[in-house]
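What follows is a pair of complexes built around chain A, which joins chain B in one and chain C in the other.
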Partner chain A sequence: MKAETTLTDIELPPTQQAKFIPDLRRDYFSTTGRSLVTLVCLALIAYLVWSFIDWALLRSVWAGTPEDCHKASGACWAVVTDRYRLILFGLYPYEEQWRSALACLAILATVVLSCIPLFWSARLLPIIWLAGYGTFYYLMKGGIFGLPIILETQWGGLALTTFVFSSTFVIGMPLAIILALLRRSKLPVISSLTALFIDGVRSLPLLSILFTAAIILPFALPDFLVGDKLYRVILGSALFFAVYQAEILRSGIQSLPAGQEEAAAALGLNYWQTISRIILPQAFRLALPPTINQVVIAFMETSLIVILGFFEVTASGNAAFTAGGWNSFFAEVYFFVALIYFTFTFSLSRYGAYLERSLKVSSR
Partner chain B sequence: MKQPSTAVEVVNLRKFYGSHQVLFDVNLTVAGGEKIVICGPSGSGKSTLIRCLNKLEDHQSGTIRVLGTELNDEIDNINEVRREVGMVFQHFNLFPHLTVLENCVLAPMLVRKQDRKTAEARAMTYLERVKIPQKAGAYPGELSGGQQQRVAIARALCMKPEIMLFDEPTSALDPEMISEVLEVMTELAQDGMTMLCVTHEMGFARKVADRVVFMDKGSIVEEAPPSEFFDNPRHERSKAFLSQILGH
Partner chain C sequence: MIRMIGNRRYRNAALQLVFVAFIITIVIVGVTTTRHNLQVQGVSMGWDFLHYSTGSTISFSLIDYDINSTFARALLVGFVNTIFLGVISVSLAVILGTIIGTARLSKHKLVNLMGATYVQVFRNIPLILQAFFWYSLIAHLPSPRSAIALPGSIYIANRGISFPWLNVEPWHVVLAAAFLVAGIILTVSSLRRTARSTALVWLAAGLICAAVALAMGRLDGLPLVDLPRAKGLRFVGGATMVPELSAAIVAISLFGAAYVAEIVRAGFLAIPTGLTEAAYALGLRNWDTFWRIRLPLMIRKILPTMTNQIIWLMKATTIGIAIGFSDYFGVIANSINHSGQTLTLIFLLIIGFWAINMSIAFVMNAINRSIALPGHKK
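And then the complex of A and B:
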């Protein structure tokens, strides 16, 4: 059906708002067969939407006990309203959960601030990150200002997910830049060793890297270097992000004309000035779509750490319905968790589209 | 400002790409304030020669002395030489992610450590000299080729260089834009800048050059004042080259 319509589309002048209705008529109702297919599809969509609304809104239960839910036939949002603190904060002690909420906000604020081009300088970004992570760490862990200490093993839910993700990004991105630059090094030993390293890590599945970081590394490292499992896993996931992102950046750098580096050199700029003012800003613009893609993937892959015993948001979702008689209402919990993921990844990709548009303006 | 009597001194310069030799014992001396036009057929090594003068290319033997500093592998800070030697490229090589003004103030601020205000004021005077101050806020992609090349000249001048190198600055331009760039270069020459220009604009060479250097197959074949070179070329290869570019 689509294939037929494209031919006629091409001959038409650019779409205008006023032509919407005639276009609609031409594209979907021009013949009896076409109208029939359109109507059947519409009916199907309407039916599905109605069923969902009926289940999710009309017949749903928003508060109460599992028994209330069993009596009704619709969605049981009561499980979410009853257990949302478990989903959001995991096993973090109940009375201290405000700390986890604030910490989460601190990380979100850090991420949002780092997304604003105004703050993209080698001086401001580290300050923002240090402040954001310092706030997060001391709020979560406690031990100062009379806050009781809460160990990393009790951290969980959304706070853990955002922490793991944003640390992966904040550690992984500079690492990716370093790897990409080392791989372009004029010294053959350095560039080929870096290439070997990047390709080596890229040929391992993320899961095996995370397992290595969580379980094998403690045997291989001296005790004082081991640290909490959480930080090892974050380093593993940052490494994984970095090798892919390094290749994305390298392809961006390689598509720059050689004249850019020459012009910078001819003006007397040194290596770091050339890299930070000329090469990287342009490479990032060129590599923006795949970079956003990689960041979204990294966010979704944080759910893998559940396998290593972390109580991130998917795991705490699981826990929310496996206790207290909510067993049969897993769909509602997963819906809620999916909504959280959707909110994050959708904002990320919208942000990517915004960046692409605003950067295109400045380099037409 | 130091103005040593010899701006550039090249002695027995040889340059190889791998095992392929592209410069054969080139000797050239340029006095401060002199204007040299370098011409010759494609592949004769003109670009290679002037790119050796700011070490965009390394040479394998011979000596190059620029403003009294010898360019060799032991040189500590090539950037100290480069900031005194401006370069204008065939394809402009403006930084597309920066505005015209930002292109002009970047190096003065980073390399000459000027504060933004001084650098911007100076950049505006140079943009006025190349007759394009109204485009200070535009991005290079929004300018015509001729305008971009004039900005590239202003960008190089903002560093207050002692020497300017031009590598075929007009050959990527549409004919109607060539004259606006040549005009700027002529004014620069009249102001006393030391210039080495690779160009086939013979009118410009006649008007501005103190000497024309003709290269072929990696060597300097003939070196003469423009009147002598154009009216009375001594070498067969110069004659052949001139009849080719002036013939049609």
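And then the complex of A and C:
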């Protein structure tokens, strides 16, 4: 042991020491309890990952008949490869299913485009959505320019889910703006009645609203207003989205400094100019992360219409394994359907989280 | 006339009048059309139908119900089922969610990773798909003859989950549970003010009252605990949770836990680091800092968000209908099919859920007030 200290003995600040093993020991094995937790976690993760790989890949069957699957003990992806067109497109005529696929891609492209800040303007966003929605509707329904007409009753699978989701958004968003503005109205009767309506709808389960729209509304409406069951359900779903979105927008509007409105008034802008050019653009920006969250929820909740007898992707998934002897391979089909939902909702919610962080940074 | 339009006061009054007139017109048209349509079908509106018998069965019921029971009875069964499913699922979701939310904050990256994976998987798949999955899974389990046996005489089979139960009058079980819960609440709330030994008196009192309630309600000549036994294609003895209820509980609590975990995590993150550092500086250990400083502060922070979440989960119990569980909404939908009393039943549906939401909000606000720190804003 030497008494004097040389320069090399002085410890460098921790950031400059890139020592992998000591870090590992400190973070995971510093105490007995900690080591135990590490080992249990590792064992659990290894077990789960290995059983999944073993089931999904090693022992799986990718093509063949239910009998082939029963012989193997792993996952039966054959049910998915055999029935994926039923799951994705439902009972849409087989040779026209490329239209369903293109239509879904059109909506996907619309969602991706509206996530790019370049297009965030009061004029561009509605144009993008109407164009994407119009493309979807034309491709699905046809009727002009040589595409044979295919009625809504034949739409199904992921295409129907996409249709209900995009319609909910296209109708619900303007409705949400109207409701938020009505609730913010300075006229007491209008604002309190709107508040009563919004809170009333919010206290009900979505399912009961969809049920009312599908089964009960025909009793309450004059005959010429009844329309198709699908469109009534879409209206119900849009209404539900709108009341939640209206509250999100309202909190966005309320967190704007009062000076914004006063400055607009001082500049001589009228109500509509103030709302459309000053208030709403800023409120939307503030409300963007919860809005994305709400859109994700709305997408997942389209699956509720399976209860009302619509053939959307959950229902077509059910149909894929309940016929043709595939009955015991429900897990594979549900995994496939869940993967579709997960891909969309996970990426959108990650994007929302990223946006929230960057908005926080830019407003600092 | 033109001056009147120009006058803001008159214009505002006119606008509001038009708005109210518009709403009243919609309501009147809706109600009269419904009346007319129902009369065409020979259904007269009113409350009389509540006394008629339903003529249909309900798959799961906590109170006596048979095919001759009235609509009123059926609605009560549905309401009790909703509360039962909701209370169990929400409690499980809150407990599991708090554990996972705490794990998400661990410095241990593996623990954190597992929590994050759980949250992302269960939050990003629709609840109804999860319910379908669990229901199919239970349906494909082995029959009671070769059921999966867990320690403590719990059997899992395609007929549901069977577990030991008490040979005691049902109301006495409820009473005993209430005594236990009251005892625990009083213990926890008095722990803050008095010594540990005094607080434990409350726990002991709760336990004794519960034991007395159970003893008073014992059924004659039967052992206290009734164990389930496989008999042919089903289980006898004990209690069995039907597949519909089991799947709904599993689905809603796992799904809800993912959301609760995110709320709990946000609550922990919102605690100023200075408070935790002060606790360490005072010499508190990790466990005490967590138990006495961070957890109580976190609970205060998240209560308002948690109230909304619990209300939302209660509403989510309506997906039970997809897998055949008769909750309040399911019974209402069924009664509309059988009686045609559309408007009345929709009104009862709204009232029912309104009452549930209001009671949750009331209880949560009462908790919020009672644990609020004096002198602290929210």
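Methods note: the second predicted complex is superposed on the first by the 329 of 364 C-alpha atoms of A that agree within 3 Å, B and C clash if a C-alpha of one lies under 4 Å from a C-alpha of the other, contacts with A are read in each partner's own complex, and residues count from 1 in each chain.
Note that in this section a contact is a pair of C-beta atoms (placed from the backbone, for glycine too) under 8 Å apart; a residue touches a chain by one contact, two chains touch by 3 or more.
Given the structure is predicted, the values throughout are model-derived calculations rather than measurements.
Of the two partner chains placed by superposition, only chain C is touched by A:I45; chain B is not.
Residue contacts after overlaying the shared chain place A:N293 against neither chain B nor chain C.
Within the superposed three-chain model, A:A266 lies in touch with chain B and out of touch with chain C [touch as defined at top].
Contacts of A:S251 after superposition on the shared chain: neither chain B nor chain C is touched. In the superposed pair of complexes, A:Q97 makes contact with neither chain B nor chain C.
Look at A:R285: by the touch rule set out above, it reaches chain B but stays clear of chain C. Once the two complexes are laid over each other on the shared chain, residue contacts for A:S30 go to neither chain B nor chain C.
With both complexes placed on chain A, chain A has more residues touched by C than by the other of chain B and chain C.
Contact residues of chain B toward chain A in the complex are 54, 56, 79-80, 82-83, 85-87, 89, 91, 93-97, 106-107, 110-111, 139, 141-142, 155-156, 159. Residues of chain A touching chain C in their complex: 27-28, 34, 37-38, 41-42, 44-45, 187-190, 193, 200, 203-208, 211-212, 215-216, 219-222, 296, 300-301, 303-304, 306-307, 314, 317-318, 328, 330-331, 334, 337-338, 341-342, 345-346, 349. Listed in rising order, the residues of chain A touching chain B in the complex are 257, 259-260, 262-270, 273, 277-278, 281-282, 285, 362-364. Listing the residues of chain C that touch chain A in their complex gives 12, 15-16, 19-20, 23, 29-31, 33-34, 37-38, 107-111, 113-114, 120-121, 123-129, 132-133, 136-137, 140, 311, 315-316, 318-319, 321-322, 329, 332-333, 336, 342, 346, 349-350, 353-354, 357.
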